[in-house]
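Here is the structure we will look at.
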């Protein structure tokens, strides 16, 4: 089976590392295809960037020219999963939800350790909407920006471990979730240091997507995620010649 | 003061009727400017369309060439308000939240009557995120599509009244909220028929926006809605020549 | 339009300062009338005093000899708003709810800074009942008694700022609500010191009351706030000659 | 021990029947004293009447000339218990809370059957504040006014049984709570007809009050229910000559 | 009346002290019978031990050869109460729920002080299921193992008082619940030291059981706690000769 | 890898069909071992039976003589998963939680269709404890007893489909969960009839268990699910000669 793993930012090297994490856990026979949006921010750290990413991921996934069996949206705490579910017939798994869901099989409470403080409310909101917040002990910020994770991996590990330990001792978390797609691959180091299971969202989402495909389950189309009604949509897909022309034309 | 009232779909006549509702309640001295997005669906009735509208509204508002004092986002149950709050220093008021907030001053419980059944979960989710759901008795669908509201206003009133009465008698609502920007202006007819106060989101949002401006209050910039960090954003604003070029270039 | 702004305690100077705050934000053409209860405590700092104030405010408002368009109940966290809604046909706005409602348009979470620690549970309870607690980060006590706010305004500002900063840094509040009618007028100083929007309940309530009147909206009379059923009520209104006589008569 | 059982309305015959129910379950050696407020409505069926009752019960209880060991407030869904707790050192038990608390020992979910529809939100609110709502399946109105319970006991039983059966079959209640002090004494008939345990609030509250006294437990005075701070309270107690004089004096 | 007070562990001396606490508060005419399970752990400090205790208590209670009027399950935070309710027609009162229920009549919020940190989530879960968690400020561990309470009572009091004071000052608890059957009898010392009411679950449960019996109330048999359906149950009761034989037979 | 799939009742044919469902979805290389408890009820339909099953499953799993990589507890809504997690180092997956967790990736809300009405509260309680109830639209009973599912599969399908359709149309479920281990294998028929995705707990749990093993994740041992403390446990394991002897000895 083929699973598209969609990065939410335009940084190709991050797509690579996310895809590598996905491949490390994928079953034999699963092909992982990393997808990078063609527009948007080089890292998502706020609502504007996240909303733009939502559309950019829909654009990139629906433009993918080959068939595929499932999609993993690899941005932690980002918008857009519901839109993809409407546009596609195959399962869509968001790493925020996949990681929380996995963590809940491992301990009484889990905490998320993410990047910047400003990302915390976005993650809290996504977990609340997903109905996966009841056993979330806390969402903590390591203070590392997304792109710093790649540039300074050692400092990143220190910063994440430090918050993970606070989550365990102060917030009573028993499991740590890595709250950024860019943290994929750091789980083992952090587990050793924090002494509790550490869940990586990308790995979790890939195994869940594989399982859904194996069980022949996909998004319910009966109501919330039914395909969009037929209607006039100006400027979509965004890479159509029409859009480009129209957007230029409408410039003041 | 000048308030931008942003429609979320590309149907200009709907922008007109929304702006008319806004003007009907605006204080003397308030200028209402209706804004229509340059791309997106001609009506928003699902997540894909709503996410696209979120970006389209941000594009339209940030492209507006004159100064303004507040923005009203006039889509009921739609995404995007948080992004606008990051991009702007002036207050942003979403009609979903404005209407709920207003309804709570008028009765013990309120119900929303919206368009299609598929819109119900979006509205429920937005109210939950806004923390305004505790006194929401129900969100009910009238079965009218957004554009049908304009085309068949009499049937629309019948359908909305019918659900409003069910909300009052079965769900114990004491106030009805009109759950679509396109219902602006129907409040008085429905109030007479349903026998309870009927709240229009556009009117509510305009008065709240005016009040915030008058009290010199605007979005807190300390955390969640801080301005986006400086970074590379490909293809934004979407109407830049660069975007058009880049999008065409990346076409398969 | 005329708005009655009802103080909940018997301290006339506090009524004056509340009315002044109300006037500072009222629209041209709005007349603000400050009302002082004829019985009750000189400050409300607990349940007994608050229940007595509830009745005293109802007594004072229903005794007001001229017509009026709306009532603002200017006690933070106090009882009684529901009773006024039954007795009146015009809108009734409680400052506790008005301030919370306003704060929610300005940031992801808000905190209330009030007077004494013993007032905290009353405020928490009123916010819970109003369904406005989901985004309340904390209710914090400054340790200042109500009457000390007037006597020692500088110390009050210091104490409030100090708790406001704790709310922002520890509880992740992004907006501060002033949790006492007696703090009206301190908002600007505290905003400058705390670096986040500061919401004054009296100002918020006045603008909401004006908006409701302008939208021709008032309390739903269909169920919870229907007028009291016709029945024998001994000793009401409390200023009737009958009451005085009857109460004396029944003295042991 | 002596327990004051305070009716919330001014109807003496209702005080009698409440006291009789209390005596039927009281332990040997417990003296039950029925208390009737000196002012207020002849039945409490809304917020205004309930707030007035809150003060009237405080007035009556604090005027009681002999020592007592506990107080039962015998109005279902009424205001005021918190004020009594501040004014007294002995335990105060509200029948709304006593009945809910008792019902939870008897089945997975309970429903309340009360008098008029307009009383339902008051009861829901009191249960929510008390934190006893999580296992409440529903609050249902029998349509009987409070005073009709006495006048037409047979019709009352029919109406209550009918709603009790709906609660059991439709709302999945396993226990029925009688939601009005005036229903005291009807429990046995209703239990036989509905086939589930039926809890009377007055009986429950009396046994709880006795138990608290026997365990030497009373209201915590550390924070919420500390005695009122020493301050000027005009017109209290309401039966003082001063009040009468003052109230007359302030008449327009 | 006769009340069985079932210890959840196999330590007979603890059964004795629990029964003594029960007798200290029981009404004249109430016979308290302490019951010790015939199998299970000598103290319950985790889920495995608690589940085993659930069955051991059912085994012991259903084997009790004389009639009885009520059962108190005297393990704090333990499993099993629901099973007993199915097997018996008389009321069953769990001390976890009895204590929480009692504490809620005494203050705005209560905290539980228990033994080991690992017991905290069990207690939190039982309170959540019982719907008695809304006013629980915290569950705190004293760090004392169950059997250490008996061995080192002075150190136990110190450790409990220390957490009780933290609960009052930091978590805003106004009442302390002793979170272990083995703490029965320590309430008075802790109350004096902590300055707030201290609730013992065993005493609370006994008075509630007595009250239910006096009011002729018992478990609703209509749904959740209906008697088990007639069916083949291998190896039950566990003390049957058959079980012993069968279990030996199936040994590898 | 080897996964133990533990039936909760003593009916061997049900263990067979559960194991068959597990094998149908297991990855190549996964060995599924069906486990039948040696004591307990031939079907679990209430709390007593469920608590007995909890212990019987722990007894059976810990007696299993070969190594294994994960355990699936295949009783829907049953007790005991937490105990197994303490006793084992390998992952434990409960089908109630696995199915809910899976369903949440497929639609906005899900409903469970189970056997008898009396099982509904058990399932609701397990979902609440697991924090997986926020998006559960309803738990509905088909009226089929557990053993009838095997005896009358056609009637079972009709009864389940009928409730599934009610869940979709009345409760707004978008996904159906089969709420009994004995329903394993019926998913495809029901999906075709109900028109929405149908989730089987056994299949879900097996894929989740495989994924956890593949990701090298297991139960956190830091707090709630730490191994039991070393202590005297009488009569455990239940198949020890000692238990048999001891239990006989203690017989009256």
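Annotations for the structure displayed:
First chain written, first letter: the chains are A, B, C, D, E and F, and each begins at residue 1.
Note that in this section a contact is a pair of C-beta atoms (placed from the backbone, for glycine too) under 8 Å apart; a residue touches a chain by one contact, two chains touch by 3 or more.
Remember, predicted model here, so these are calculated numbers, not experimental data.
Taking each chain's centre as the mean of its CA atoms, D is the chain most distant from chain A. For the copy pair chain A and chain E, the superposing rotation over Cα atoms measures out at 120 degrees to the nearest 5.
Placing every chain at the mean of its C-alpha atoms, the farthest one from chain B is found to be E. Distance from the chain B centre to the chain F centre is 45 Å, each centre being the mean of its Cα atoms.
Here the spacing of chain D and chain E, counted between their Cα centres, is 30 Å.
Residue positions of chain C with contacts to 2 or more other chains are 108, 121, 172, 223-225.
Listed in rising order, the residues of chain E touching chain F in the complex are 10, 38-43, 45-52, 54-55, 58, 63, 65, 79-80, 82-83, 85-87, 117-118, 121-122, 125, 128-129, 145, 223-226, 228-229, 231-236, 238-241, 243-248, 250-252.
Interface residues of chain D facing chain E in the complex, by the touch rule stated above, are 25, 27, 91, 93, 97, 101-102, 104-108, 130-135, 168, 172, 174-175, 195-197, 199-200, 203-204, 207-208, 210-212, 214-215, 217-220, 222-225.
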